[in-house]
Every structure is written in C-alpha cells, then in structure tokens.
Amino acid sequence: MRLSTPGNSRFAQASSLNIIYGGGEANMSVSLAQLGVASKHVTVFPKNDIGKAATSFFTKYGVDMSVVYEGDRLGLYFLETGAGARSSRIVYDRYNSAFANLDPAWFNWETIFRETSWFLFTGITPAVSAPAAEALLQALQTARSLGVKVLGDVNYRRNLWKYGKTVQEIMPQYMPYIDVAICSENDAEDILNIRPAANTENTFVSMAQQLQERYPNIKTVVTTRRTSISASQNTLQGIGYSNGQYFGTPVLTIDNIVDRIGSGDAFAAGLIYGLINYQDEAKALNFGNAAAVIKHTIEGDANLATVQEIETVMNGDTSGKLLR
Amino acid sequence: MRLSTPGNSRFAQASSLNIIYGGGEANMSVSLAQLGVASKHVTVFPKNDIGKAATSFFTKYGVDMSVVYEGDRLGLYFLETGAGARSSRIVYDRYNSAFANLDPAWFNWETIFRETSWFLFTGITPAVSAPAAEALLQALQTARSLGVKVLGDVNYRRNLWKYGKTVQEIMPQYMPYIDVAICSENDAEDILNIRPAANTENTFVSMAQQLQERYPNIKTVVTTRRTSISASQNTLQGIGYSNGQYFGTPVLTIDNIVDRIGSGDAFAAGLIYGLINYQDEAKALNFGNAAAVIKHTIEGDANLATVQEIETVMNGDTSGKLLR
Amino acid sequence: MRLSTPGNSRFAQASSLNIIYGGGEANMSVSLAQLGVASKHVTVFPKNDIGKAATSFFTKYGVDMSVVYEGDRLGLYFLETGAGARSSRIVYDRYNSAFANLDPAWFNWETIFRETSWFLFTGITPAVSAPAAEALLQALQTARSLGVKVLGDVNYRRNLWKYGKTVQEIMPQYMPYIDVAICSENDAEDILNIRPAANTENTFVSMAQQLQERYPNIKTVVTTRRTSISASQNTLQGIGYSNGQYFGTPVLTIDNIVDRIGSGDAFAAGLIYGLINYQDEAKALNFGNAAAVIKHTIEGDANLATVQEIETVMNGDTSGKLLR
Amino acid sequence: MRLSTPGNSRFAQASSLNIIYGGGEANMSVSLAQLGVASKHVTVFPKNDIGKAATSFFTKYGVDMSVVYEGDRLGLYFLETGAGARSSRIVYDRYNSAFANLDPAWFNWETIFRETSWFLFTGITPAVSAPAAEALLQALQTARSLGVKVLGDVNYRRNLWKYGKTVQEIMPQYMPYIDVAICSENDAEDILNIRPAANTENTFVSMAQQLQERYPNIKTVVTTRRTSISASQNTLQGIGYSNGQYFGTPVLTIDNIVDRIGSGDAFAAGLIYGLINYQDEAKALNFGNAAAVIKHTIEGDANLATVQEIETVMNGDTSGKLLR
Amino acid sequence: MRLSTPGNSRFAQASSLNIIYGGGEANMSVSLAQLGVASKHVTVFPKNDIGKAATSFFTKYGVDMSVVYEGDRLGLYFLETGAGARSSRIVYDRYNSAFANLDPAWFNWETIFRETSWFLFTGITPAVSAPAAEALLQALQTARSLGVKVLGDVNYRRNLWKYGKTVQEIMPQYMPYIDVAICSENDAEDILNIRPAANTENTFVSMAQQLQERYPNIKTVVTTRRTSISASQNTLQGIGYSNGQYFGTPVLTIDNIVDRIGSGDAFAAGLIYGLINYQDEAKALNFGNAAAVIKHTIEGDANLATVQEIETVMNGDTSGKLLR
Amino acid sequence: MRLSTPGNSRFAQASSLNIIYGGGEANMSVSLAQLGVASKHVTVFPKNDIGKAATSFFTKYGVDMSVVYEGDRLGLYFLETGAGARSSRIVYDRYNSAFANLDPAWFNWETIFRETSWFLFTGITPAVSAPAAEALLQALQTARSLGVKVLGDVNYRRNLWKYGKTVQEIMPQYMPYIDVAICSENDAEDILNIRPAANTENTFVSMAQQLQERYPNIKTVVTTRRTSISASQNTLQGIGYSNGQYFGTPVLTIDNIVDRIGSGDAFAAGLIYGLINYQDEAKALNFGNAAAVIKHTIEGDANLATVQEIETVMNGDTSGKLLR
C-alpha cells in the first residue's frame, strides 16, 4: 500500500493520504493486463479487510490474483511528492509484512505456471526476507523445468536488505535462471563485482558482455538512463545489448512529471509486451522506454497506458495533442 | 456539460468528476460577458434539474440566457486531462440532446436580435442535427436582414457529422452570411475544396484570397497556429488576412497548461472584443491570441480573464508577476 | 490568515478556500524553527476561536508563540494562484486587525528578548498602524540596549501605508538599529531617496555603499534578483555587500512553481540560519537563496524545508532526485 | 462571505473552508428568486475581485444585483458546524465592511423601487453602521411614498450594535413603515419595551396586540418557535396574529440537520411568496414554516428549494421519499 | 453510470459529481460476488474509455464481466441526495444507450449459462428498448431449457417505458419463466391487473395466491414494505408467500441513511444468497431484508456488506457496535 | 497514526484515507491541554519524517512532547466508520512499532515528573511489548516515590496481548500504584478474577469494593455505561464509587455520532480536569461523562472541546443551540 500526500504537501501538512496499492511485480502485472497481456500476480496479503481491499485494487485493473491470505499486515510505504529542486521522499514500512512472513510451501509453482510463457521478478522480493528469497528460488527452478522464460530486474536497493543476508549472497543464485536481465553497471558491480573494462567506450556493453560470459543463459541485458533536471523534468533512454549488438532508444524528454514511481516497472512490462508482439528486441526496448516515459504522466505506481498511447510515443510523437 | 477527471487521473481511476457547463458558442458568451460586452446565449436545455443547473452556471458569469426548456437530456462530454506525452482524451455523448432535437420555430430571431451588433456561431452547431442546421440558417438570414454582423468559426470536426448530412452539403449555405471567418487551410479544403495555390509562400493568404473571392462578404479571415511541444507546453500565434493585408501576432509560449479546452472560443471572443473596442484588426487579433493564451491557465471551458489581464499579455508581458 | 483558491481556480470559481496562517515575521519564525533554530513569534491575535486556531498553526511547526489575545479580527488576505502568463492575485483585508490595534504597552521587550540573539522585522509591520510602528521602535531600542542583533527586511509595499504616515516619515527611524538589511535599489530610492551613482557598473553596490555611509550600523546589505519567465518559472539569485565586498550566489532556475508566497521570508530566515551556523556571509547568502528557491516547491507561506534539503540545493544539486 | 469548516471539523482542525456568500436580505432574495419571484438585492460590495465574486454568486441564483462597488472589504463570518450536543459557532468579522461604510446618497430609491411590490429588511442592517441605518430609513420613506409594502424582520442581535447607537434609539424609527413584522416576544421587549400582559394565556398574541396598537400600520405579526433537541434535531412552528386572529402551523420535526443558518430568512421569503400567491395568511405562514424546515436540509445560507418541494412539506408530507 | 452530488448539495451547487457504476442486475451481481457467490454480469457497454472504466468498476468487486462493447454511450443517471423532509431526486439519462441498442444475436445464452444455477433479472431491462426485451425473452427460454432457476424482480417504473410498448404487453411474456417473483400489490395490479380480494386481511397474500394461480411456475412471491419517516430514517420489512405460507421478517429501523439507492437489489441478492445457503425461505427472506437494511449504510448502488455483517443484523443485533 | 476512510466508505472503496495521530494516553494529553491543563506526553516515535509529523500534530494542540526518536515505524490502525446497523471496523497494525521496541533506560522519570501532579496510563501500553510493560512499571514506581498521583485506565483488549505475556501476569503489578482506576466489571473479572457478589443489586459497587479491599491505594473506581442503539446513536453514563459512596451521572443521549473513537480517553481526561478543579468527585465524574459525550461530535481521536462547552453539557444543556 502506498500512502502519498496530496499535491505537493509535506508529511506534516497532510490531513489525508491518497492510497493506491503497488509494488514492483504487481505494477508489472497491472501494466501487462492493461496492454492486453493476460497476467497473474502471486503474492501474500494479510487475512483482513486491508488484504481484501488490495486484491480488489489489482483485480480492477484486470490482473488474475493468486493470493494467499495469511498474517496481519500489508507492507506499506509513505510518499511525499517533490517538485523542482525538492526531492520526492519515501518512508518504507514493510518489515514483518504478511509477504515477508510467507511459507514457500504455500505456492505450487507447477500449477501456477500452467499456460505461462514469462515469469517476471525484481531484486526487491529476495531483499524482503529469507522465506521470500527461498520461494523465489523455487519459482525459478520450476520455471526453468517448465520452459517458462524469465525476466529479472536486478534492482539493488541497499537499505532494503535487513534480514541478515546480503545481496551478494543471495542474488547470484538467481542469475542462472534469467533470460532477460534489467541491470545497470552499478547493479553489476554491487551484486556481482563486475566492473566495466577500463578505458572502454561503452561501459554498459562491457558490463553486459561480462555478465553474459558468466551467465550464458542471459540472452539480453537492458537498462535505462535517466537524467534528472529537476523533480519535475527528466529525460529517459533505454539501452540494451543482445546477440553481440548494442542498441539504444532516442532520449525522450519528460516535462511536468505527474508521478515517477513505478516507471522502472512500466519499462519492464513494456519490454515484455514488445518481446511478445514485435519479434524485434530494439523495437521492444523502444516500446519499453516509451511505456516508462508515459508512466510519468499517470498517477499511481502502475502504468495504465494503452498500447496505442505507447506506440504513439514510440513512433516519435510526444506532442500530447488533444484527442477528440 | 463537461465531466472531467480530477488532476491527471484516468477515467478508470476517477471516483468523482468535475463538472462545468460549456460549449463553443456558450464559451464565447461567457468570455464576452467577462470582458464587459453584453452577451446573450440562445439555446435549448432539457426540462429538468440539469437544464436549470446549466442555466445557473452561465447566468453566474453574466450571460443573458435565452433558453427553451424542452427534451430530456443535456449533451455532455467526458474529459481526461493528459500531461507531457500523454494526450488529453474526450469522449463525446451529445447525440439526441435537447439541443439536437430543437424545433427551429421555437426561436424568434427578430426579437432575439434586438439591439444586437454581432452574432457568433461555430461549425459545431450544424453538425449536431438537421433542425439545428436549419435554425442556424434562419438566424443568419435574420441577422443579415437586420444588419447584425456575423462571426463564423468554421470548425470542422469530422466525427461529429452523424445525422446523415455532410459538412460539404450544409456549411456552404452559411458562408454568404459571414463577415469574419475563423478558418484554417484544412477547414477550407475539407469543407469548400479550396486548396492553397501550389508553390505559394503563404498558404494561409492563398486560401483566404480564394475564400474572399468566392464569398466577397467575408471581410476578414483569421486562424491560429498551435505548436504542441507536449500536452503541458504549446505555442500559439494568431494570423489574419483582411483588406489585402496579411498580419500575424507574436508567437507566444504557454508553459504549465492548466486547461486548453475552449482556447479557440476564447480566441473568437477576444477577437470580437478587439474589433468592437480597437478599430484595428491586427490589434484585435493580438487581443484574441492573448486571450487564447491566457485561457490555457484557467480551469473550465470558458475564458474568465479580464481585459486588463489580456492586455498585459497582448502588450508583451507574459511574466505572470505576482500582483499584490 | 491566508485564504487561497484551490489549484488554479479563480475567485469566482472557488467553492472552498485553503487556509494557512502566515505573515512576514511569522513565516521567518516557522522557517527558523524548522531549521532547528529556536524562534519566538511576538504578535497580537483576536480573542476568539480564529485567534486560537492561528496560534495552533504556528505552534505545530515549533514556534514559541508569545501572543496577546485582544480585539476582534485577524488580518487576512485572499490569494488566487496564477499559472503561465496569468499572474497570481492578492486581495488584502487586514485593516483594523487585532494586530493593527495593538497597544505598545502590552509588550515587555526586556522579558521577550531574554536569551535572544537576533530580532527580525519587516517593513510591513510599521505599515499597518501607528501603534505597530511605535511598538517596533520600542523593540528595536530594547534590542540595541541588550545587544540583540537586528535583521530588517526593508520591504516597501506602497499600497499598505494607509494610516496617515508615509514610509519616508517612519522607516528612517528604524535604520540606525539594523545590522543586516534586506534592501533593493528601489527600496532605497523610495524610502531613503538613495539613488545608485550614475554610470555605476553595479547599482546594488553603489546603493549599499551609500546606505552604509548614512547608517554605519548596517554591516551587511543583501537582496534577491528574481526573473519571472512566467508565473510557473522563475530564476533567483541572492546578492550582498559587506566589508567592502560584493558577492552573489549562482542564478538558480525554478520550474513548476508550487507556491511563491513567502520566498522572501524564507530567504531572510535562511540567511539568519547561515549567519549563525557558517561564519561566512557569502555561504549564508547561498543558504538563504537556496532556501528561497526550495520554498517555491512548498505549499503555504512558510518554508518547511530541512537543513539537509537546502544544503543539497546550496551545493549545486537541484536535480530533485527521488530519495528512497 | 461565509467561511465554514468542512463537515464537523473545528476551526483549529480545518485546512480549508467552504465559501458561500450570504446575509439576511441577500438570502431572502435568493430564496424568492428560486421560488420564481423576481427579486432585486441592493447592496455595497468592495471594489475588488472578492466583491465581483460575491455578485457572481447571487447572480447565479437568479437575483437581480444592484451593487455599488466601493470600499475594501466584504463583511464575513466564520462558521463551525456542531453536531449533537455541540453547538455550531459563529465568529463575526464584519465591521468596517464596504457595506458599513456606505453613503446613503449612492441609492436612488425611486429608481430602485420601480415595479416593486415588496421591500424586505432585517434588523441586522441598521445594526451595522449609522449610514446603513440612515439609508434604510430613506428606503422605507420612499417605499411608503410609492406604495411598496414592507416586511421587517425585527431581528435583534445584541452583539452587533457596536457603532454607538442602541437598538432602542434606532429601531423604533422604522416601525411606522412596516406592514408585516417578524417579531418575537423577546424582540418586542428588548427593542420596544413591550411585555406580554401578566397572566395571559398566549404571550405572543398579547405582544402582537400591543405592537399593533402602537403601530397600526403593522397588519400582521409573525414569528417561529424553535425547539432544539440537539444541534442535529429541532422542531419548528410558525405562529402569527392578524386581523384579531391567532394562527399557528403544525409543529414540524427536523432530523439530521444539514445547515440551519438562514432558516429565518427562508421563513421570511416563504411568507412573502405565500402572501403573494395564496391570498391566505395562515397558508402563507404554513408555506413560510415549510420553507424554513426544508432550508435545514440545504447547504449554505440560502434556501434553494422549489415551490413544489415546499408545498409537499406544507401539505404534510415530510417523508422525503425518493423521486425518480 | 451514476453521477451524484457530493454530500447533500443540490445540482446547481455541485462543482463535482461522485461516480459509481450501477444498475439493477449489476448491483445484484456485485452483491452476490461480495457474499462469495460466483456471479456473472451480461451486458453491453459502449466501445470507448467510459465502457472500459465501467467494466473495471465491476471487475474490482469480483464480478465476472461478460461485456459486448458496441455503441457510443453508457446510460447514466444523476442523483441529488436529500435529507430530512427533502427527497432525493433522480434525473435519468439512459435512452439510446449502448445497452438499449443491443442486438439479441450478440448473446449465446447456452454458453453464458454454462454452470449457472440462478438467472436474475429486473423489470427495468425490458423497459429500456425492444431489443432488450427480446434478448431477455431468449435468455429466459434458454434458462428454462437448461434448468437454470429464475428470480424476476417485477419492478414497474412508469416513466421508463418509452419505446412504444407498454409493460402490460411485454411483462406477461416473462412471467411463465419465473421461479421467485419480487412483486408488490401495486406491481401486480399495474402489470397483470391482479387486485387483492376485497375485504382480505392480507392484501399481499391475496395477490400472491392469484399470481401463483395464474403462473404456477412461481413458487415464491416476496416484496418489502418500506416506511419513510424522512429521507434520513426509514423502516423496512420483508414479506413472502410460498407453499401456502405467509412469512414476514421483523420490521427493522434504519436511522442516518447514507445511501438508499440499490437497497431493492441488495434485497434480491440477499434472498438468493439465503435460498442457496439456508434451505429455508423465511430465513432467506430475513437475510435479504437484513442485507437491504445494511445497504442503506453503504455509499453507492451496490451492497458491499459481508455475510457476517448481514447475519449480525439478521440475528437481531442492529447496535452497530465498534469492532476492534 | 490513524488512517480512516472518508465519510462512510468501505476500505475497498477508499482512494484516500484521512490521517490523524492518536492513541490512548496521547488523546488524554491533547484533551487536557485543550482544557488548559499543562500536559506532557512521553513516547517513542520512529526516527523519520512520519515520526516528526506525529510530533507536530500533538504539539499543535498544545501538548509538551517528550519524544525519543528511535526505530523505523509508527504503530498505526485503519478505521472504517460505520453507520446505523453497520459497525465501524478497526484493523490494527502496531506490532514492532518504534514504541514497542523501546528501551526502558531511555526515560529518566525523575526528570520527566518534575512539577507533575498526575500520571495517566492505559492498559494498552503494557499490552504492546515487554519493554513497554517494564517502562511503565518504572514510571509508576517513580511516580509513587515522588508523590505523583496515578490514574490507570484498566483497559483490557484481548487481541492486543501477543508478545507472550498475559494480562493476568502483568497488570496486577501496576494495581498497587493506582489512585483512580477506570475499571468495568468485565475488566475486573478478566484481569483480577474479581466477580461481583451473587445477588448484589449493584454489580459495579460490589466489584469496586473488592477492588479497594485488595488494593487499598485505589481511592476511586469509575467506569462508563454505553448503550448502542446503532452506530449513529448511543447513550452514555458515568458511574463511580469512592469513600463508600456510589454516584452516577445522568444518562446522556448521543445522536448523529460523528466519531466515537477516543471517547474513553476524553472521559479520563475530563475526570482528571474535574478532580483538579472541582474538589468534588461526583462533579468530576459528571464533567468526564459530558466530555465523553461531546467527544462523539468531534472528528479524530482526541477531544478538542473547551471547558465551557463541556460545562454546558454537564449542566444539562445538550440542546446544541447555535452560538452567534
């Protein structure tokens, strides 16, 4: 659950908070469902009214919810939306959530993966707790055995890993199962101790090559480059490496940012949509980047854009002309 | 009635909709009333609480409402306000409105036009229904006979013409009654099959000349040029042709757009204000363009700006300095 | 009390008004309290529920309120927030306020100034009424006698001086008590008839030199330079003169302005914070300018930014990056 | 201008205030206009944006506004809405309003009263200031000379009379001009030193008889009896005396009070509607009482009920059944 | 789509409208889904953003949506919520809706009814248009042939039948397919010309007996008795007749009504829940009545109450005690 | 932090939540501060923006906050406000809060209790965690040694005791330190195994006598009797036993309940106010009960009523008459 102050007000000023429900993989599920791709979200919600309200939220946007209701609390975070030179601020409150306290035995991955072609995960899940990390490993093993392809968003957030294990201990276990990795140079260095070669022209390519060398299962490596002019104006570009080829999208400008949370998840979901529909990785990356750009104009964590809207941006029209 | 989602939320996200009442000619009436020009709006509203609420709305802003209450429904449209690369979206719901089902016999134009100097109409009215088109024709004929001058905003919206007649069949009937035409090259081509001469330097002038040749009653032709950088940033320029002279306003930049709906109507009303008050068509166009620019900063369909505010912009001060 | 229309709506459109409590010196007090500097606000509020609500407001933000409850009304002002080319508008309603009708005998400045190092005032206080002007003079005399340093924001607002005295009669009485003056060339000319030397390169320095010559007690003269691109975009720079030295901060760009009211008070409070903490006037000015810049992103009159947020801007990072 | 806290929140809790514009005679004007009786409101508003917004408000509800724009401030009051055992609270802030500072010479009553059949005033107007009291006297004299009938709501609010004159000095001047008086026993005693005869069965009748004896011009005396069970539940009854006859309406119960402010004005306007339309004083009183009852269900100062709604209540149907 | 004014404000006062999506059968579907009964809603929504938003709404509450997207507009209605003696008011705007213009051939009822045990309809559907009436007949015929039981809420709303057919022509066609009829004495008289026997003690029983005589397929006849004390306070009782037995629930008091729209649909859904789960018609009726009562405390058209909440009321506990 | 759905909406319907900060002892502190009794609140808040916002909230209402900032999360609860027969629902989320993880060594009670006459605690504090229970014991011991009187609200909430200890193990430790106990018969039985004598006329007196016998330090025992007619209507009575005397307040009716959370804390604070100011336990109880009644009309956890408002109710005036 996300609780955000209205408009640009500060925490101490707010007398109400807007609520939406979100989270890395959940956002991807919503985004895919909105793009017309059947998507299922597997999770644990508390066995109370709040857990049920969360399910309603995702169901509304077309996600097939596979929820275990156990435990007492839903992880949540507080968001204060900045502007101009003032940063947005997040206060996390998700320890001891129902999800963190899951039992891996609750999930029958063979059943869950019936008729599934892609499994998506982020590096946030194993950061939450040991059983979450264990459940993820089991999911990946089953995915591999059933031929389900895997997108892994290697998303290292330093201040999340608090249950006693380090990212360096846990994350490498998952790498052999990934087909498409979202991974920046910083992530690769922090997690896998992979550093771009000295004096390389393209640090991303250097990193991607080393990554693929170590984990030949990773066919494609992508990431985004963001420039933050202010909290209200950014630029975004998707870059990728696959089959020995580097490719990058145009650098798109985002003015008057409405809500930037979840743009990485929009990117991942857009990429998957593209990979499924285009048979062209560069075009898929373009779709992913356009999806991420348009996410910044949408309130909430999840990208509620349509294929047509994203393709308009992907095709170079960022004019936002009125549609009557 | 316009029903718009709050902030930038999408239709599926909204749990409430903001309402204002608006429409081409109604917006012009409000704008003129706000500028101190006595204005009357002639229309049909449904004979119910919604019709009365609509009248209250326009009365509030000083318009003399001449309303026939008949029928069941008020035409309405839904608006979702975009941002950045995401377009605003409009869903129309105005077929079978009380207005569309009017009976031309309800209007005694001779009485209505008592003490009237200008009659304003848009191309949206005849697009609504056959009786609306017929009533407009009668109004124009009476206006001519009484010496009331006519501004016609030849505003062709393809997807509105659904009652069986085409714009090409209907619109040419009105052209002989127009003194001041708001008409773009596209409008002229779509409606009247007038194309700018090949290799002309100024396609607008070429169009305007042909238009005046065919309809010598049209003394002045104007339009606006909009560049859409994003849904939040545009530029706007007014251009005109009259007495063999081309004239254009400065290109004004509009950042942080609040609401662009109705800026064309603000332009028309501003132009009329200028023609009445300045005795200078270029200055009138400048006022109209400045009015349209400032409309983008105002919530709702109608321009609630004052003469002083518009003149400030017209005189080149777009700094928006705080007025204490 | 400030009563502002929601979003960008005009006065006639609003069906509710947002309230905050503010005012020059009160805003400075809040800002200082938020920066961790103990601050006390001395004022008069009406002896009714509104007066008590005002006290609650400032108490909330950590100000030590020293309030005399007498009289019937709280001064207030109405604010309509502009955008783009449309100016924000203020309608003042503060005559005959409880504060204006104060009795200077109500304040025992010796007690009030116990353990006080700085006293801050603005030129708005003596503009309100004769007793307010008198109370201020007594405060300054006591401050001098107790060694309390004085910042005076010589803020001349022409349309406030309505009780029979002119700024030229009153303001010069205070000048001999000021240590740090916030004063622009216009202020100096209007109030003290000080004009920059002809042909000077730096009109601010010329003014500051003459000011210090006339009032040697004024060690430091500062002001801000604002460029208003539109109501939504400004630039801001702080400049100062002290010890024969001119210094200026970088020119900072402010896009997507949320609320610019009170940025001058944020500047003053930031400057004082800097003078207390940095032992470096140029750095203090930088902090003040950064504080003023970040104030534009915060709703309400007062700057609720933290030291860390302001230092980030002061150190050149205006990127507004998301803080997780 | 009325500024009320949202819902039931207290002043210190509110971060916004709902605004409507209202006042005794203005509320009567709105109510009459809503009932289809042409009504004009004569007043003074400040020469600023707030004054214009106030005019817009009343114009919206069909009142013909006859406004002199002079002065700086609109009188206002703050309202906190109680519930159950907690009283609603009003904080007045209307001294030195534009209205209080009027010049009687601004009003040409002969012109104003053209085609007028009734003039309505309340005892609040002369309580505001000496010139307001003087203007009212001139209006009454002109009304008499032109045969305009007068309703006077002798509404004594002790804490309003602050400009040096007492109600006992001023109010008796108006009594000889009144045709219909709204006056309670308390009012009669406080203002005119009229006390019900000892041992009378009906104190109201005793008072009314003495009143008519002293002022034979007063044909009809009416008032309402309110029982306050809680801030949320009241009962209301209208009583009257005319032509030697006492009459009373049924006692109506009001549950779930939405907004009781202005119910007295709704009563007066309803009474006038009844007197004009029914030729039956008892029925007119019934309509007035029903109007006052239904006012409690409507937000704001003014009664926006229709004739049909009030007649439903007047005819004994207070069931509030859903109307599809 | 329902568009309701906030709080108790009147149409002319509202600057926003709350939206929810609802309608007789849709409300029943939501209510059943919330009670844990799998429910599918078959309908036609316009092929635009509004249609999709409507689907999202019902999906959120667990309904399996079987939607044909065709046509331009969603039927809608405006609601103004009364209080006390002021009635709530509804303005319908649903002619020419996408649903009204359906083609019966769009629905394959054999497929739709797979694994279905109950089919629910109201008398509103055939009132909308001839094709809607035809589609309903086909649905009923298929239901019969497949052994799907039918609840028919014979809900006659006079002002809905506007397409040329009368309720007396259409409704009798459906009667032979109904197992459980919700039908009042008025309905029976208006539609079927069935009048309670003269001098009968129980008019409902007399009507039900005649109804069953004419349509032996109707096993059970039920209805509710509402007493409207005011728009804020009602009482409600369910009564039924089945197997020659009359049964009635306790009369329950409803104070502080939040939203009474849809209470009839809540009753129907509750009844079905009861019939499925209790094997006891009187208890099912009790559950239905308790469901209808608790619906009055819930915002929107649909009953979002849980089984536990309804059973608490059904078991006689209407104390509304805080649940920690 | 309390997060409550707006109006009467259910959790799944809400798109925003109203926030206030509250909790048993904190509510008492606010209430006392509002009554003019200097009050200090000792607590632990997380070391983040939320913790600081909480402090601001209580500071606003005049509480002297003695806060240790440590840990990550603020305990919170979700509230859905019922109506009529639908109960309000609370979902707690306060395990592992910063407060629960306190270290008793953080509090120097000798310093804290300087100039303190009363210490108030509730049975919720020791239910939270073992260190909280330990800190409370130390506080009580210090209070005793310093002569600080103690009010203990023995408030047993079964579902809060989850850290391994039972109420029966912990609570009896505190009893020897209590001067005034708020304790119902149920509490006494559950916690201390004290049962009213069989066949007693007054079970409360019987319990109180046994309690005082076991703990002679307890001079006074009080509690409230609530009757819940519906979620919107309750009655309330305070009863007490002291010096061998039983006393009870009138039974007060509460209609149109706005917010009943915190009424027990309002009772306790009111009682203390009364004990300090009246020197009459029965009158103090009356004040406490009146305070609790009026709390039901106020939004939020804390009683923001004034002495004058409570005394009005205490003196038997629950009419809620408008105060101008």
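Read from first to last, the chains carry the letters A, B, C, D, E and F; within each, the first residue is number 1.
Note that in this section contacts are C-beta pairs under 8 Å (C-beta built on N, C-alpha and C of every residue); 3 or more make two chains touch, one makes a residue touch a chain.
Everything numeric here is computed off the predicted structure, so don't read it as measured data.
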**OP:** Name, by label, each chain that touches both members of the pair chain B and chain F.
**Re:** A, C, D, E
Original post:
So which of B-D, D-E or A-F is the twin of D-F, meaning more than half of its contact pairs are the same residue numbers?
Top reply: D-E
Original post:
So which one's got more C-beta contacts, B-C or A-E?
Top reply: B-C
Original post:
At the interface of chain A with chain F, does the proportion of residue numbers present on both copies reach over half, so same, or stay under half, so different?
Top reply: same
Subject >> Averaged-CA centre spacing for the pair chain F and chain C, given as whole angstrom >> reply: 43
**OP:** List the centre-to-centre spacing of chain C and chain E in whole Å, with centres computed as mean CA coordinates.
**Re:** 62
Original post:
Residues of chain F touching 2+ other chains?
Top reply: 12-13, 15, 56-57, 60-61, 89, 92, 256
Subject >> Residues of chain B that touch chain D when the two form their complex >> reply: 56-57, 59-62
**OP:** Using the touch rule from the top, collect the residues of chain A that touch chain F in their complex.
**Re:** 3, 6, 11-12, 14-20, 48-50, 52-53, 56-57, 72-74, 78, 80, 89, 91-93, 95-96
Subject >> chain F-touching residues of chain E, taken from the complex the two chains share >> reply: 60-61, 252-258, 293-294, 296-300, 304-305, 309, 312-313, 318-324
Original post:
Inside the complex, what are the residues of chain A that reach chain C?
Top reply: 7-10, 12-13, 82-90, 92, 157, 159, 228-233, 256, 260-261
